[in-house]
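Shared between the two complexes below is chain A, which pairs with chain B and chain C, respectively.
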Partner chain A sequence: MTHSWTNLDDFQTYIDGGGIVEPNDRMPEEFRSEVFRFIEFHANSELMGGLTERDWIPRAPGVRLKQIFLAKTQDEIGHAHLLYQVAADMGVKSRTEMLEDLFEGRSRFHNVFHYKAVTWADQIAIAYLVDAAAFASQRAVFAECTYGPYKRVLKRIVAEEGFHMRHGEEMLLRLTEGTDIQRTMFQEALDRWWWPAVQLFGPDSDPDDPLLRWKIKSQPNEQLRHAYIQKYVPLLQSYGFTIPDPNLHFDESADDGKGAWVTSEIDWEPLIATMRQGGPDSRRRISNAAANYADTAWVRAALEATAVPA
Partner chain B sequence: MRTYEVFLKRPGKDEFRHAGSLQAVDSEMAKILARDSYCRRGEGDQMWLVDRTHIVEVDPDLLATTVDLPHRNNDGSAVAARRKRLREQAS
Partner chain C sequence: MIELSEAAKAYLLAFADDEHMIGSRHANWIGLGPFLEEDLAFCSIAQDELGHALALYDMFVPTGEIDRFALLREPADYRSCALAELECPTWDLALVRHWLYDSAEALRWSALVGSEVDDLGALATQALRDEAFHAQHAEMFVERVVGDRAARSRIERALAEVLPVASSVWTPPDGEETAVAEGVVTRSSASLAMVWADQIRTQLDGLGLAVDPQLAQGLDELPPASTRHHRINQFDRFHTSLGEVISLDPSAIW
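Presenting the complex of A and B:
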């Protein structure tokens, strides 16, 4: 049945009682615009991530890795398709409007796609560390996610990201077991990507973050970031790599005496810069994506022109 | 551009299920995009695509009329009570 609510309190009671919101429901405008923005951000990130991955298909060493990167690129672009559809169905912007905003630099996407991948090891750091951070935050959304269509596409996306991670880990282990040159390459990549990956979770959540209140997000940013650090610090150290943080230490008294890894104070300036398209590689990435869209305009025009009427 | 709803059926006894939606210029293109977006790893062996404008949507109020019709069900409590009474009479 189609739901409607008299006010935000009424809506909150519905959400707190385990309710799911569907596109035909008369959802509060605040919910529509916040959730739309969140899904648009996710869609943009999948598209920009897929384009990044695509750059490495010709440079991936060996046929098997080229096949893997090709498949991953298709998956990521597919995720963008699914998410743009869910976002477009919210009736705020059309898919074309979202793409144009992205290519004009008017909308946002994940900080990690504003940096330059220098070597093959960077791409592995992205495929493992960065994807792990993105995966953790997506899973935390999937865990609750009160917007039905988003939850349903996340199920598919999370499943696919799961084996992307395994590909990433396999590639990392190959470098780990490789030559000194390969290990040095990964250490250098880790130096470049550790902080962007940690910053991906964002600064501490506002205690009154509407996305938490409406159970789109299931956990605040700081909890997800903390869990990520606890998992990846010991793992990377066990492979003999150094986390690029001189103040990193294990605090026995943290987490109610269970002990936890504590990092330096996080500098949020780099993250804020990416939100304004001012990251080290933002301009090139956005203009490449825009050029790609312009170059393929004839394909869309040809398809429209030859479309068979229903 | 048209919007299609994608329904996918896994091999076996499961019913067709709604998998999601996609935009395509026509049904031929929609088939290719649907395979690439929703059936990348053998998620189904049958697929239906329905142009969204062809869906006949039923007014929720019409469906709401069937919620409170207890005589269409039988929870078995009356049967259980009678059986129990008859068992007690027989013993």
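Presenting the complex of A and C:
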């Protein structure tokens, strides 16, 4: 059955009543546009995340580890594959157009993938901190998600990201229980990745954020960020690492007297810079991906030229 | 780890190093495949090859020492072939190498199915199932792209570059004659090379690919065993990357 709505109020009533929107529904253009932009951003982030992690795979300190990180990165590329399909089916842009926009710097992806992994410990920091942040934010989308195809692929993505998060925990424990060199490497990586991971959740949500109103997101950014900080500050401290924030403290009176970790005021300029493709590694990351896409254009052209008509 | 003769160890070392090198070279394409579906497929092949390498190393390297053995030997101590070591930085080269190597690999595993070494036959049977997909993937991909004139030219140029070292995959491991006599492997590299060369020549003809006739004829001419003791020029940078992290702290567990 195809749904249609007479106006946005009618549509909102449907959403508030637990309705799910499917691609063939006559969804409001505002909904189509916002949800498409969100899924495209997610797809781009999965792909660029894979490219961030790939840099250290050739140097993995073990054959089995190389297999594991390949499988993990393959998952991320696979998520991009699924998400581009869901986004393309919304009829706004084709997958090719989305990829071309990404490689031309015309579309966005998560702030954390504008940074370079400097050492192998950064690879672990990404697995531990970034995958956990991504998991929390994607799980919050999956919780209610009113766009049917997105919710269905998120079921698989969230399950796999949960596995990545556990993998990150296991890898971190090895470094934690390891040698001085390993612990120092991870502390340095934590110094580099803590703030970008916290910033990944974004600034406080607009109270009238349409993605919250339409139940694509189930929680505002600040709630997710707060929960993340409460979980990871004590964990990292218990492993003997120092959070790179001189003003970090536990406020006994916060959270209605339950107490909470409070950070310095978050500087959003680095996040804003990444949204303008001005992050520390944005230029290299995008230009390398674009160059590779151009170098392999002949393969796609050959397959198109030799395609058997359906 | 099982008790193996020196000839058996030498035979398995050459194959394991080939699988390790090809798996690592294929792995370098993660995120860079020509389209997303191919990225996923080629990455799976890379993981399979690394899995084969691990299973082979596990037969003669003590438990807990495989990573240091695989990543930290001196270049002269590796026994991989030039075909597996090639960098192949463009997709046409990577595809041609994938086609030539995987068709040879399937034959190599088939000669181990009847091995008298404990567990090796079972491993070969399992690996052959993987290789059926790998070979099918490579052959279908080549067959499809050469239907396009521009792509055909690229593949022919890639063949001109890769074919001169293709038969290196059949360089006999040290002591191969003894390994055959002991029943480690049921066929020599020379006899497998003849089957492989006929197969490749038939495929080249079938696809109408223009290659230097001398290169095609020379596919079953085996390099001497000593060439497995020498690395190609592109190996040094690759070797440095293999050991970059693990050598930071030899006492560490990563």
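We adopt the following convention: the second predicted complex is superposed on the first by the 306 of 310 C-alpha atoms of A that agree within 3 Å, B and C clash if a C-alpha of one lies under 4 Å from a C-alpha of the other, contacts with A are read in each partner's own complex, and residues count from 1 in each chain.
Operating definition for what follows: a contact is a pair of C-beta atoms (placed from the backbone, for glycine too) under 8 Å apart; a residue touches a chain by one contact, two chains touch by 3 or more.
Just so we're clear, the structure is a prediction, and the values are computed from it rather than from any experiment.
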Using the overlay on chain A, decide if chain B and chain C clash or can fit next to each other.
fit
In the superposed arrangement, does A:Leu212 touch chain B (first), chain C (second), both or neither?
neither
I'd like to know which partner A:Ile266 touches here: chain B for first, chain C for second, both or neither.
neither
Contacts for A:Gly62 in the overlay, against chain B (first) and chain C (second): which applies, first, second, both or neither?
second
Between chain B (first) and chain C (second), which, if any, makes contact with A:Ala227: first, second, both or neither?
neither
Would you sort A:Leu303 into first (chain B), second (chain C), both or neither based on which partner it touches?
both
Partner chain(s) touched by A:Ile181 [first = chain B, second = chain C, both, neither]:
second
For A:His81, is the partner it touches chain B (first), chain C (second), both, or none of the two (neither)?
both
Per residue count on chain A, the busier partner among chain B and chain C is C
Which holds for A:Val158: it touches chain B only (first), chain C only (second), both, or neither?
neither
Which holds for A:Ile20: it touches chain B only (first), chain C only (second), both, or neither?
neither
Tell me the angle subtended at the Cα centre of chain A by the Cα centres of chain B and chain C, rounded to the nearest 10 °.
80
If you've got the overlay open, could you tell me the nearest Cα approach between chain B and chain C in whole angstrom?
5
Touching chain B in one complex and chain C in the other: list those residues of chain A.
74, 78, 81, 303
Residues of chain B defined as touching chain A within the complex
1-3, 20-23, 25-29, 33, 36-38, 40, 51, 54, 60, 63-64
Contacting residues of chain A [partner chain C, same complex]
47, 50-51, 54, 56-67, 70-71, 73-74, 77-78, 80-81, 84, 120, 174, 178-179, 181-182, 185, 292, 295-296, 298-303, 305-306
Mind listing the chain A positions that touch chain B in their complex?
1-2, 74-75, 78, 81-82, 85-86, 88-89, 95, 149, 152-153, 156, 160, 303-304, 307-310
Can you name the residues of chain C that touch chain A in the complex?
20, 23-24, 27-28, 30-40, 43-44, 46-47, 50-51, 53-54, 57, 66-67, 70-71, 90-92, 144-145, 147-148, 150-151, 154, 238, 241-242, 244-246, 248-249, 251-254
